[in-house]
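Presented below are the structures under discussion, each in the form of structure tokens.
You will see two complexes here that share chain A, one where it goes with chain B and one where it goes with chain C.
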Partner chain A sequence: MRSSEQVRSVPLRARVRNNLVPFGFTVVTMVLFVVFFVWPAVLGLYYSLTNYRGYGTAKFVGLANYLQLFGDSDFYQAVLRTLTYAALVVPLSFVVPLFISVLLVGRFCRWSRAAQVLFFLPWLISPIVAGVIWRWMFGESFGVVNFLLSSLGVGHISWQTESNLSLATVVVAAVWGGLAFNMLLFMAALRNIPRSYYEAAEIDGASGWRQFWSISLPLLRPTSFMVVLLSSIGAMKEFALVQALNGGGPGNTNYLMVQYIYHTGFELNKVGYASAASFVLMLMLLVIALIQVRIDRRTELG
Partner chain B sequence: MSTFIARTSRGPAVESANRRGRRRSGSWATSVVTGIVWLLALLWMFPALWFLLSSFKSGSELFSYPLTLLPKDWTFSGYVAAWERFNFARYVLNTSIVAVGTTLLTVVVSAATGYAFAKYKNWWLRWFFVGILITTMLPTEVIMPSTFRVILSLGLYNSLAGIILPSVMTATGTFMFRQYFSTVPAELSEAARIDGAGEFKIFWQIMFPLARPIAATLAIFSFHWRWNDYIWPLIVLNDPKNYTLQVALRSIVGADNINWSVLLSASIISLIPMVALFIAFSPQIMNANMNSGIKD
Partner chain C sequence: MEVSRRTLLSGAVGAGALGLAACSGGTAGSGSSASTGPIQFYQSGDANQGGGYAKMAALYEQQTGKKVEVVEVAYADLPTKIKNAAQANGLPAVARMPSIDPVWKDRLVDLNDIATANKVKAGFVVKDSAGKALSLPSDITAVGMFLNKTLWDKAGVKFPTTEDSIWTWDEFVSAGKQVQASAGAKYGLVLDRSSHREKAFMYEFGSNWWLPDASGTYSTNDATTTALNYFKGITDDKFMPKSVWLSNDDPNALFKSGQVAAYYSGSWQIADFATNIKNFEWASVYLPKQPVRASNFGEAAAMVVFDGTGQEQAGHDWLNWLYTPANYQKLCEYSVMLPAVDGLTPNYSANKDALSLYNQEIAASPAIVGQVKQNDFKNTLSGKSVSGDPARDETVKFLNGQQSVDQTVANIGKALTSAFK
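Moving on to the complex of A and B:
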């Protein structure tokens, strides 16, 4: 009798266990996901097809906003600036933390724990404060960088009034601030590589450089993928650091995309137009992520 | 705590292995590498050190050549002015409420969601998992105009809850717990089920306590993210009374004439909680393996 009861009740219980129970565990996340991810996305897509200005009724204008974006030189400038910025920050945010991590984890560095703490300091500092710190460093008249350069006879450099140099200061600040987290990823992954691999390589007479190329780098591939992907996404949506460092200046020459969206959507109140710009940014992020997943897959196979 | 103990206890073993290796491979490599690393480390620390020391200089000394590393007369006038001019206690309180509140919610919500992803299999969970994955690649806070309307519709505008709720769900936290719970053997929950424990009781009384090291790591990182957040507070808050530290600092930098003396001290004050967190948890922070959280 007992067994027949089990036969009847098990499928139902299993179904409850496989649907109702996980629903109970995930319901809060689902609500948050719908409210703060799906809803803004759908609403944004709708706004991007209207001329909504933040009040009154929104008039449907089809793809007019997107077409207008294609002819908007300010938008092009923001896109180009953002891509230039990412093209500079991403390689540096990969190479510098990797280089330092390899040295710190390797057996040649003394007092590496203490050095690690110093490298870690910028992790404590918010993007806003990091921007303030570098604004202070790169002050044109009383910044310490210009002071040291003029002591060396290089002379006064226009870190704030020349737009390319101003972008360079943001790159420096971003690499400085981003080091700790990427280092954390690399160091954890490097520590997980069995020492015996290196010992075996050494017996075979492989140089340190060779060991890095043939053992460390291939085994770090999943971490490298993560670092490049997260750095790219972070660079494409950079906002706070620029706000504090140069405010997108001089003028609007260093407006990155998020600042452009903020400026058009909130300061000029062109909600529809800014939403269209947001979707172009989203599309760019999606393309970047897909390209990287593709490259990751291909190197995995090859 | 077991994984932390395991991890930290590996430290000395690795170090002694290093020392043995060092003797073998000669001292020149050690000197060169140590030299490069420390040069870079000091270079890395310099901007923060310069900033800190500058905050103790008087307003006139900040702008007089030649610049010196150490202040000629140490003064706290910038700190006094910052404290008097700005409602710092209020900003610190607001930021703390947001950071602590969000962190507590994030840990519990991420643990429950990660547990479901690890222990239950069905079609909609798989889709939902992909959805969560997408949130890391497509950050909605970037669609600021529509996100702002959502906040308005929910009546969360200008309230701290309006910063807390959108930040509770994090893909990283969910993945960290999912990764951890998928390593916990099924026999453990089977045994509890035979003893008649319900599914939620199993999670809350057995699984969640097991995952304490993950919860600790996520809590530290979540506090750090939320303390430093800028974009959500900027969108949501309007009344200076509700400002978080980052938004308040930005309002000082955004002024036409920056009062550097106040700005330097105000920035340093905003760092104190993070420094305290780091001093208290530096082993957990520096040994945290975020790889598992982000990708598996």
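Moving on to the complex of A and C:
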């Protein structure tokens, strides 16, 4: 970092060049950010304070939407279900891709390329299509999973009409769908760890497990942080997959927060109320992200 | 590292909130507002229905030299599209809408002359308090039941083929179970996930659905509770799959798979079944009664001509031509529709019996069906509408064991009261 005197001694032209030119490069991003984020967000905040129904005039109602929201048991159920979902998806989206990445990067791996392509395929499918595929596989009446299970004599399992099993199906589909992306991150990071560390550890007699635990995992920390952060935010916002897979069913027991927002906003036409719920969700996402940054910084210092 | 983390964070959170923060509607539809040139007719339907209108439009052009463009819009998008078009002053000339919307109900052309001249069924012409006819029924649809005849024949179980041998729900369910047992059908019945079908089911048990009293409070009679309990009783994953009502499984696809003995749906399926069911024989059958014989029927859609487009006359002329009995009969035959014009007996190329069965069901239905329908019209015209389907949603909660039958009945009443009072 330069001292303040040094900064002052820089000639004006250079200062302009150093400040304005970089600023110029950000203009496009800034405009996009304002048009597609700040403006909708301001509009959403305004709607959340009105009884807007998606058409006609919006009447200002103050905090009434928020008060109603905090007394709405369906909203709490959606929040709780979303947290449960995230609590299941995030650890799995961390462990499974990490495990597969370690296997694929490992020295003894054969057919690594082919395996990578195979694991990467789900990433190319839209979540809606993924949802429909899993819906068919886990269809209660004519799904292939129930067909196989009944052929094995296990019998008919209520994948669609028992709320915990329905959620489990969504969790599995989500982990499968997000596998490729997280795996790419982990594999790139694993390849960047210098081989010499492992060689040194091997000479010292460290087991494979010990090497993973003491070399790979600590050096993967920045990547791990990103995977956990992105997975948590992704899980909290999950919509397309659930909508296509079981529509938040059975009934409304598996409505996640975005589902709830969609239902109130677009099916019940309570746009103001849904906007209030959206803001609560945004605050929750902010809090989650801030907590994770804090934890990450603390472990980095400690 | 520090800076890049923070950038990453704000980026990630920004991306997270994007698209959630604002919850406004879609983009405005573009309608033609030119006073000359072809008029646009917005509608949504399958190949049969849309094809019927397209054939009629071609005939219209041949006879009069005037062009009508039939614009297909996805069913779920049509109301929003027209709503937005109304606000953006871009309405098409004519549309076939699921229902009249308060947003544009004041921007419609009076269709009384077409209705009287062509004997359009009066009970389904929506009129405002001044007697202006806002819409004409496009055609009539009615709830009805289909059987997989191949399965019933294989099991050797008889079903009613004349009006005097109509079965009760108890008789139908036990017959269906026999078919399941002896023909190896996976399920006895599937029933569409909609309060429209639920209404017909309830009428058959003597329910009055929910109607307002003088103060505007919606309530129902005891038969509703009986019907709901019966419904839950057969939704046991043996006779009827739970997945249709609880998690949106497609009943049409289940029936078409050939493994379901009966399908409780409606007349609009006939055209689809006629072309798409090849692997078994199907039949239309009388709806069960317990003890009331009832279907739920009404206008399939509302035909409207918009005011202020500069093409009011051209739109009016098109409908006037379309509803002329000779032309309208052709439309019914092309699209396999039940006529909304009195005194017509379309000469359907196939499935004549199935279609005439619906006419009998409509004639035999009790007065309550019309009363509920009239109450719906009244609400629409006073600018009140219920969004979504609260009766269906509350019923799903009941079927899923989330609430008791009494709570369900009370919640539906409450939802309707708060929407319409």
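Simple rule for what comes next: the second predicted complex is superposed on the first by the 279 of 302 C-alpha atoms of A that agree within 3 Å, B and C clash if a C-alpha of one lies under 4 Å from a C-alpha of the other, contacts with A are read in each partner's own complex, and residues count from 1 in each chain.
Assume a contact is a pair of C-beta atoms (placed from the backbone, for glycine too) under 8 Å apart; a residue touches a chain by one contact, two chains touch by 3 or more.
Computed from a predicted structure; not experimentally measured.
Novice: With the two structures laid over each other on chain A, which partner does A:226 touch: chain B (first), chain C (second), both, or neither?
Specialist: After superposition on chain A, A:226 lies in contact with both partners, chain B and chain C.
Novice: In the superposed arrangement, which partner chain does A:252 touch: chain B (first), chain C (second), both, or neither?
Specialist: Touch partner of A:252: chain C, not chain B.
Novice: Quick check on the superposed pair: does A:281 touch chain B, chain C, both, or neither? Answer first, second, both or neither.
Specialist: In the superposition, A:281 contacts both chain B and chain C.
Novice: A:191 in the overlay: touching chain B, chain C, both, or neither? Say first, second, both or neither.
Specialist: first
Novice: Check the residue A:35 against both partner chains and state whether it touches chain B (first), chain C (second), both, or neither.
Specialist: The answer is first: A:35 touches chain B but not chain C.
Novice: Is A:158 contacted by the first partner chain B, the second partner chain C, both or neither?
Specialist: In the superposed model, A:158 contacts chain C only, not chain B.
Novice: With the two complexes superposed on chain A, say which partner A:111 touches: chain B (first), chain C (second), both, or neither.
Specialist: first
Novice: Who touches more of chain A, chain B or chain C?
Specialist: Chain A has more residues touched by B than by the other partner.
Novice: A:44 contacts which: chain B (first), chain C (second), both, neither?
Specialist: So A:44 meets both chain B and chain C here.
Novice: Just to be sure I read the superposition right, which of the two partners does A:83 touch: chain B = first, chain C = second, or both, or neither?
Specialist: neither
Novice: Per the definitions at the top, what is the overlap between the chain A residues touching chain B and those touching chain C?
Specialist: Correct list for chain A: 33, 36-37, 40-41, 43-44, 47, 54, 141-142, 222, 225-226, 230, 233, 237, 247, 258, 261, 265-266, 271, 274-275, 278-279, 281-282, 285-286, 289.
Novice: What does chain B use to touch chain A in their complex?
Specialist: Residue list for chain B touching chain A: 10, 14, 17-18, 21-22, 25, 29-30, 32-34, 36-38, 40-42, 44-45, 47-48, 50-51, 54, 62-63, 65-67, 109-110, 112-113, 115-117, 119-122, 124-125, 128, 131-132, 135-140, 142-150, 154, 165-166, 168-169, 174, 199-200, 203, 224, 227-228, 230-231, 246, 249-250, 253-254, 260, 263-264, 267, 270-271, 274-275, 277-278, 282, 285-291, 294-295.
Novice: Please name which positions on chain C make contact with chain A in the complex.
Specialist: Chain C reaches chain A through residues 1, 5-6, 8-9, 12-25, 83-84, 87, 103, 186-187, 237, 241-243, 246-249, 254, 257, 259, 387-388, 393, 396-397, 399-400, 402.
Novice: Within their complex, state which residues of chain A touch chain B.
Specialist: Touch residues, chain A against chain B: 17-19, 21-22, 24-26, 28-30, 32-33, 35-37, 39-41, 43-44, 46-47, 54, 100, 103-104, 106-112, 115-129, 131-137, 141-142, 144, 147, 176, 179, 181, 184-185, 188-189, 191-192, 195, 222-223, 225-226, 230, 233, 237, 239-240, 243-244, 247, 258, 261-262, 265-266, 271, 274-275, 278-279, 281-282, 285-286, 289.
Novice: Mind pulling up the chain A residues that touch chain C in the complex?
Specialist: 33, 36-37, 40-41, 43-45, 47, 54-56, 139-142, 156, 158, 160-161, 163, 166, 222, 225-226, 229-230, 233, 236-237, 246-247, 249-253, 258, 261, 263, 265-271, 274-275, 278-279, 281-282, 285-286, 289-290, 293, 296
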